[in-house]
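Two complexes are shown next, each including chain A; its partner changes from chain B in the first to chain C in the second.
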Partner chain A sequence: MKLQKSEGRYAAALISPALIVVFGIIVAPILATLVYSVVNNNMLSSQYGQFMGLHFYIKALTSGDFWPDLGRTLYYTIFSTVIETFGGLLIALLLNEKFPGVKFLRGIIIIPWAIPTVVNGSLWKLIFNGEYGVLNAILTKLHLFATYQSWLGDPKTAMNVVIAADAWKMTPLAVIFFLAALQGFDRATYEAAMVDGASVFRRFFSLTLPNLKPTILIIVVMRTVEKFKAFDIFYLMTRGGPADATKTLMYDTYLEAFTNLNYSDAATYAYLIALIVALLTLLYVNIMKRGDEE
Partner chain B sequence: MKKLAKTLSCGLLAALMVLSIAGCGSKASTTGSTSAAASASGEEVTLNALFMKQAGYSEDDVNAMTADFMAANPGIKVNVTFVAYEELEPKILTSAQSGGYDVVLGDCIWPAQFAKAGLVLDVTDRMADLDTSDIYEGALDSTKYEGRYYGIPWLNDVKYMFCNTAMLAQAGINTVPTTWDELVADAKILKDQGIVEYPIAACYAQAECLICDYTCISGAFGGSFVDADNNPTLNSPENVAALDFMYQTVADGLTNPKSLEMIEDDVLSTFTAGNAAFALNWTYMNASMNDEAASSVAGQAVIAPIPGTDKAVSATVNGGMPLMITAGSKHPDEAWAYMSFLASKDTQSKYCADALPIWKSLYSDPAVIAAGGEDVVNASNTQYQYIVNRPQVAYYNELSTEMQTELQNVLLGKTTAQAALDGLQAQAEELAKG
Partner chain C sequence: MTERRLKPHMSRSKRNQRIVEYIFGVILAIGVLAPVLWMFLTSIMYPKDLTAKPLSLIPSSVTFSRYAEVFSSTSASDSGYIFRAAMKNSLIIAVFVTLLSLVIGTLAAYAFARLRFRGRGVLMLLILFTYMLPPAALVIPLYRIYNSLGLLDKKWPMVILYLSFIIPFIIWVMQGFFGSISKSYEEAAQIDGATRFQTLLYIFFPIARPGAIATGILAFLMSWDEFFYSLIFTTQNAKTIPVAIAEFNGKFTIDYGMISVAGILGSLIPVLITLIFQKYIVMGMTAGGVKE
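Right, the complex of A and B next:
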């Protein structure tokens, strides 16, 4: 049905404030950043203002920083997403059962997620502190370690410590998603399976897991995107150290923009991160679609 | 429709990634429009000023100084904002060209970069109003870039050595070390006698504090990061020797190995818990370590000049913070009036309990000595003669980021001091080309 001219104008008038807002806060910055990545906006550069074409993209991809940064970002993304997804699933399965105190547990499980990242990062930095951290106190009291360990000062452990801190905060989000999905399952199907003699593992792998597939994919997509953009927890806990062991792509983007004033390099990094995230999202969406078709 | 939704979702993702970068403005002129003082025409002028929350002058002090200024200048109203140190630089970068703040407090390592980027005004001509010969040279130099001034030094600070003399006395040592060799010898005695496991606590985290400590030690070894013409000299034998020395104290267990995760507050906590005999830190540590409520070493430790070697009596790093006028300020005259009032001798002598003045002549003023504390004023009087500035070059912040990583690699034993500094020298030469 075709809209009358006056109706079209009315519709345009109604939608225009939203369009202006969307353009102002989303489209304009995206375009400005794109311009930054091809026109030299490095504030200290002698070539400031010059059109550079793909120079900054080539520079980023051939620099000694980009690929190690990407490797660390992927390590953080993969491990924390896996821990949060599996941990979230196990806790949700537990909380889906009926036992005394389950409602209380379901209520408090959300608390870590509700804590701001700033508080979470500071909290875990104190817990893992090599000189007076409570984790060291517990481990030495239990005689698991003879001396206090420098968790955040050792390149081998620093990234894992950040992953642990992030997993503690974000696993509850996965729990909520899984619990919501589990609560919606038809109990009659499970009862029928039990009557047929299906074991608990059989019921999990044949009934629960296939039904949870969309939820798992949503969590994995959401968390992957978030992990790739993670900055605050690294800034609070390690500042990319020790010896760059926790320097991720996003942290390097921050350094380029706000420490080095290399806005073009930062914009290029931002576009490359966005590109990688978009590719990963497309991959997940395709996997999800293929699953639906099957 | 599905395709459209997919495209839109990818677009939104991209938007989220790039939003943080967009909006960082473009270069502006630094000449500064010296607008006629609006206040002189009777019209009220409002200035916005940005300060730091922690360390140095308290918020109450800054508010009181500002009230004093407004009382003396009825045509000027000043709105004061306090943020954490970490927020200062992003706030300045995102507002300097629009003039969101007229007067900003910045770290002493920023004026060169801000000047080159056109974010702050050249105040060289205005500085003629001040008796600059009475300002400590090290503090004054930190506001200079290519021979021009871009701010007034205001919050004065350098690093000192803090020494637990009670621990030394327990080991039969009755003097505070004045050379790094003496300090290492004392540290070995303390460790061997089991008085303290790790005698030295240092800020060696991947942060600017690592460069501050290295500046002190390199200076004591006769090194510097740039020569008189600001050409990089990072791999000089003196700098290599200083970095080797730092590594060796970590390898020998004299410096706490957890120093690699420590910033200034961690050093303070370790020292005040009685887990270190020596530490380098800013002035604020003196009050904290003598606070009986928070420190287990109150009254047992002293503040003293940082040790030297046969190449230099002592060397400390400038940690002062200058006041600057942003390039976008609509009222540079009033902004200058405000900041020169804050940095004046009268104001600095009145509020010197938390931050010592930039003026040499005030250090013999009994009122300043009483308010600042005799121990701090005496240590400062000596220490200020040996101030080393980190390089006043526009690319310093980028260089510092690279240095932090490489210095940590050396301290972790992953590379040698010579190799790390050779690499940094090459990078610095590249950065210097612009």
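Right, the complex of A and C next:
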């Protein structure tokens, strides 16, 4: 009993510096943001300072841009997560094989991931540039397109360009996770299946895929949270445009706060995003726990 | 009989598989390297070649003058000068963030992984949520607080700001590492009469060093990559590389060459670190997500 009490004190001593720094910074702002979402803090509003109750939440959920923003956020989140998970799995399966040069590929695959997000955005903006971009040059040279396309200037293609840019940088992360999982597998089971004459596909669907299930779940949930919060790449490549085609929840929150000075609307959006992220975090923790028990 | 029929068949399918692997391997290598090479090429091409139509993929002549400008420019309004200052700021902030968050985060992670105390589960969940929390939920009041205290556009307040999400990340990853380390050495040390803190310092830390290196590198990369806070809280004196690059992109007369120089130089440190410490990084990334 006494020992446990002193263990608690020891733990408190070790943890408190972290808690003081982290919660010292975030507690006041997170509460203030909550206050902003119920007390009018829109800098240019005539009702500034008035208590509004749930007004801003009702406003966000019933009118305005929230649902279209959420739709675009989901489009971006779902497509980029699916591409990265699926692409990452295929590449990992390739890199898990033994052939000359595979070590080189395993070495370079991490490079896109290491490139800063903002550099990645500017790199793909350069490549997709409508006037001087190298992609347009190649496509017209190959006669796939007769004229230069304004990839980022067209509301129909802009979001997909951002997704492509993001997939280039983040697929390697999934590759690394899958490779680590694949290399942890028991080779003997596979060899036994091969001797039994199981085809490549059969081996994949009845052995590899079930074994990878925990990894897939973790990648999907982890990436979903990150995509949901994505801001940098949109700021760099499209700034929410053209014609709002890439305006996600996070980007709109930024616009409301720092362009329109509607702090209350921004705070309400931020809380709604935080709520969704919290739910995803709980899902993530539950998956991890289940993975531990297995 | 069957053996003779099977062998050539297997080798043919093996050969086919090899060919498929090669084709995809080459595509993958091009897909990974070509965009980076193009950025490098853009950084050394002359402006007239960059805006030429049709664009020539192999320029007739190249110049390294933009790189020279970054390292030699003395006028505070030059892109080169701005970029060099931003690089220095990023480096200073990332180094301090890494060192401080490692010390503070490791101690807490040890407690979470090894000690039993009340509220452990709830606290861990709170820490994880803090890491996942969208910065938008904090940024408006934080901006007002920083503004009223005169902390905007200074380096050390940025360090503290970054600690608020990098420490939770370190705790989360490290406690995964620590949980997988055997307790037997610590128990032996305690039987030999070492105090708990001695055990932590002389027995546990040396064993945990690879995990600390891995997490430290990830913390450095996170700090180097951070954009949102830096965009809002800095204007000149504490401006980091990502913000400088975003500014180059936003200008009316876009200088593609200089943007590419900034991109190449801004990537140099993280890419080199990643390639050199690849093993550690893979270990750190997978420890944070997949517990073994």
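Everything that follows uses one rule, which is that the second predicted complex is superposed on the first by the 263 of 294 C-alpha atoms of A that agree within 3 Å, B and C clash if a C-alpha of one lies under 4 Å from a C-alpha of the other, contacts with A are read in each partner's own complex, and residues count from 1 in each chain.
Definition applied: a residue touches a chain if its C-beta (ideal position, glycine included) is under 8 Å from a C-beta of that chain, and two chains touch if they have at least 3 such contacts.
Not measured: the values here are computed from a predicted model.
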Contacts of A:124 with chain B and chain C, given as first, second, both or neither: second
Touched partner set for A:139, first chain B, second chain C, both or neither: neither
Touched partner set for A:244, first chain B, second chain C, both or neither: first
Partner chain(s) touched by A:26 [first = chain B, second = chain C, both, neither]: both
Chain B versus chain C as contact partner of A:115, first or second or both or neither: second
Partner chain(s) touched by A:207 [first = chain B, second = chain C, both, neither]: neither
Touched chain A residues, chain B compared with chain C: C
Partner chain(s) touched by A:48 [first = chain B, second = chain C, both, neither]: first
Partner chain(s) touched by A:7 [first = chain B, second = chain C, both, neither]: second
Partner chain(s) touched by A:198 [first = chain B, second = chain C, both, neither]: neither
Residues of chain A contacting chain B in one complex and chain C in the other: 25-26, 28-30, 32-33, 36, 129, 131-132, 225, 229, 253-254, 257-258, 263, 266-267, 270-271, 273-274, 277-278, 281, 285
Residue numbers on chain A that touch chain B, as the complex places them: 25-30, 32-34, 36, 41, 43-46, 48-49, 129-132, 148, 150, 152-155, 225, 229, 238-244, 253-255, 257-263, 266-267, 270-271, 273-275, 277-278, 281-282, 285
Chain A partner contacts - residues on chain C that touch it in the complex: 17-18, 21-22, 24-25, 28-29, 31-33, 35-36, 38-39, 42, 50-51, 53-55, 57, 104-105, 107-108, 110-112, 115-118, 120, 123, 125, 127-130, 132-142, 144-145, 160-161, 163-164, 167-168, 171, 196, 221, 224-225, 227-228, 231-232, 241-242, 245-246, 248-249, 256, 259-260, 262-263, 266-267, 270-271, 273-275, 278, 281-282, 285-286, 289-292
Chain A contact footprint on chain B (complex, rising order): 6, 9-24, 26-27, 89-90, 93, 113, 116-119, 205-207, 256-262, 266, 269-270, 273, 275, 394-395, 397-398, 401, 404-405, 408-409, 412, 414, 434
Footprint of chain C on chain A - complex, ascending: 4, 7-8, 10-12, 14-15, 17-19, 21-23, 25-26, 28-30, 32-33, 36, 91, 94, 97, 99, 101-102, 104-105, 107-119, 121-127, 129, 131-132, 134, 137-138, 140-141, 168, 173, 176-177, 180-181, 184, 214-215, 218-219, 222, 225, 228-229, 231-232, 235-236, 250, 253-254, 257-258, 263, 266-267, 269-271, 273-274, 277-278, 280-281, 284-285, 288, 291-292
